[in-house]
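Pasting the structures here.
Each of the next two complexes has chain A plus one other chain: chain B in the first, chain C in the second.
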Partner chain A sequence: MMKKIIAITVIALVSQTLFSQSVFDKFEEKQDVTSMIVTKSMFKLMSKIDLSSNDPKAKEYLNMVENLENIKIFTTDNPTTASEMKKTVDSYLKSSTSLSELMRVNDDGKNVKFYVKEGKDENFVNELFMFLYDELSNDKMAVIMSITGNIDLRQISKLTADLNVPGSEQLKNIEKNKNKN
Partner chain B sequence: MDSKKIEQLLDAYFEGTTSIAEEKLLQEYFKSGEVAPHLEVYQDMFAFFATAKSEKTSMTPEISETNNQPFYKSLRKWVAVAALLVVALGVTFFINNNSNKISTAEQREAELAFEKTKEALNFISYQFNSSAQNLTVVKEFGKSTNKIFK
Partner chain C sequence: MKSTIYISMSLVLSIILFSACGNNASLQKYIVEKQNDNNFITIDLPSSLLLTEDNTLNEEQLQTVKSIKKVNMIALQLKDENKEFYEMEKERVKSILSTETYETLMKFGSNDMGASLLFTGDVEAIDEIIIFASDSEKGFGLFRVIGEDMNPSQIVKMMNKVNSQNFDLSFMNEIGGLLE
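== the complex of A and B ==
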């Protein structure tokens, strides 16, 4: 009896993780969805070849890329598909216990959610999940983005910190405060 | 011995179907001197065979068995080893070449993927930072309302 319960639990857990991995893949085949999936083997190939390694900026990216497992992006400009994505994301986030909310911003109808899966320490996460939903936008109505691997959030933030986004300064402060706590 | 039998044996001899005992019989017959007149033409031939058989050379050909044969044999062995080496080297080189060398098509693909990845990372980074900016706006709003409702 006990064995059966254990077996059922294991099967349920395994099938759930399998399901959660392929939950967004159904969008890949849709016509009005632009998708991009880069896998670990591609990242490996990237780090093997000499990609303008004199450029320090490119090197920064390469260092990040080396620690990644995969990147998945699904973008759509179709309202029906966008709402379908929203539903899928909502149910995915509900079913997934390992993802915790990082931040959620609603700005003029533009809804952005960030979720992370805890990594080895505070600055590293194993998964960075983003969902952007914007009913008023006409090119990126919904964007699902999932990055898995060993991701340094500070580095992610740093990539566009030079572009003068005021928030990045605050974000650094937030992290400092977080470290204090 | 009657000449009829000898004739038969001769025919067989020229056909190459005689046995060694029969050939000896022929030899002895022609050696004996009592040869039938119509068979005398073969007498010289058999006499020549007999002398040719007894001929011996006084020279002894120099074949140093101890040296030559093993050298030849070891040469064969070394050739086999060399061939094996060549094959092994060829295979390893081929495998190395295939696994390590990245074709230009692969390189182009990787570069393209790298560009896309960069774009994706920039996009998420931008969203990350601008969302964080919005959070601070909310914080500012909280500050100002606090001022009013103090």
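== the complex of A and C ==
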């Protein structure tokens, strides 16, 4: 009985800290990595700052933003760190079977891959994951982006474009194509 | 048997309570402590001083300003002779801010710069906004706005409508001067 209580308490405490961590968080403290993290509270706060409530486009945007959990972006120009990111991404994609490839694009000569985790219907996903890495190019840079939450794929390219995420332009187009079908 | 359950429960509860209260006091305590430390540049400003005497704010806007109580700033410059002290103080601030009391809104980091935006309270009724920024060559700064139920949308609305003549922002130049 006693052991059980202790075990449950320990599990509860440990899992709480584990869940908030992602496999990519280690890159935050690394040298030669530029990181940006935006949390759920920030999205909630942004959606509360309703400046142009008469503009339906702005409303759509704020609606999309309010349903996001978090955004993490890690960028590096260091070849060693870049290949380390590649390894982490590979094992992340292997371990998470629910992530499937959305598209591959070539942005400015660089290979960009987008992955999604299925959401409530075809327009919504629970995670949008992007990885840019080019082994063949001279400047071996890497960019990891992960957006989690209830993501509206028809809207998200506006946000990624605002954040200068590579491949945003193509992300916009794929949604146009989708709507035609 | 019952008593062991009781003891372990109350232990867990007290840990949670202690970590919440203890940490809340410590950023305040840290800032007060540093206000008397000559190594630090500190500014402490009640929000009433931010308003110019002949301001043209209406009642609602005045209420919004009044929800902001105080602006605090402390900064520590990095010099050749204080590297160890600097690293120690920076770690102290980081560990205070990493507690659950403070919720991170945004974080940015690169090789020589880092900045984070944190808050306490609710997104529609903020009690405290904290900006912590550091530069590997210049030093670190902690900027804190303390208020009571500050409503971000009201504040932004007010900032957009009213012109700068209503506010005395000369303290900004002062901060800039101190950091030069």
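One rule holds for everything that comes next: the second predicted complex is superposed on the first by the 111 of 181 C-alpha atoms of A that agree within 3 Å, B and C clash if a C-alpha of one lies under 4 Å from a C-alpha of the other, contacts with A are read in each partner's own complex, and residues count from 1 in each chain.
Rule of thumb we're sticking to: contacts are C-beta pairs under 8 Å (C-beta built on N, C-alpha and C of every residue); 3 or more make two chains touch, one makes a residue touch a chain.
Note that this is a predicted model, so its numbers are computed, not measured.
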item	value
Which superposed partner A:112 touches (first chain B, second chain C, both, neither)	first
Which superposed partner A:23 touches (first chain B, second chain C, both, neither)	neither
In the superposition, chain B vs chain C on chain A residues touched	B
First, second, both or neither for A:145, with chain B first and chain C second	first
First, second, both or neither for A:128, with chain B first and chain C second	first
First (chain B), second (chain C), both or neither touched by A:32	second
Which superposed partner A:49 touches (first chain B, second chain C, both, neither)	both
Partner chain(s) touched by A:41 [first = chain B, second = chain C, both, neither]	second
Chain B versus chain C as contact partner of A:93, first or second or both or neither	neither
Touched partner set for A:103, first chain B, second chain C, both or neither	first
Set of chain A residues, in rising order, touched by both chain B and chain C	36, 38, 42, 45, 48-49, 51
Of all residues in chain A, those that touch chain B in their complex	36, 38, 42-43, 45-46, 48-49, 51, 61-62, 64-65, 71, 73, 103, 105, 107, 112, 114, 128, 130, 132, 143, 145, 147, 153, 156-161, 163, 165-168, 170-171, 174
Parts of chain B lying in touch with chain A, wherever the complex brings them together	102, 106-107, 109-111, 113-114, 116-118, 120-136
Complex interface listing, chain C residues touching chain A	1, 4-5, 8, 12, 103-111, 117, 119, 123-124, 152-153, 156-157, 160
Chain A to chain C touching residues, read off their complex	1-2, 5-6, 9, 28-29, 31-39, 41-42, 44-45, 48-51
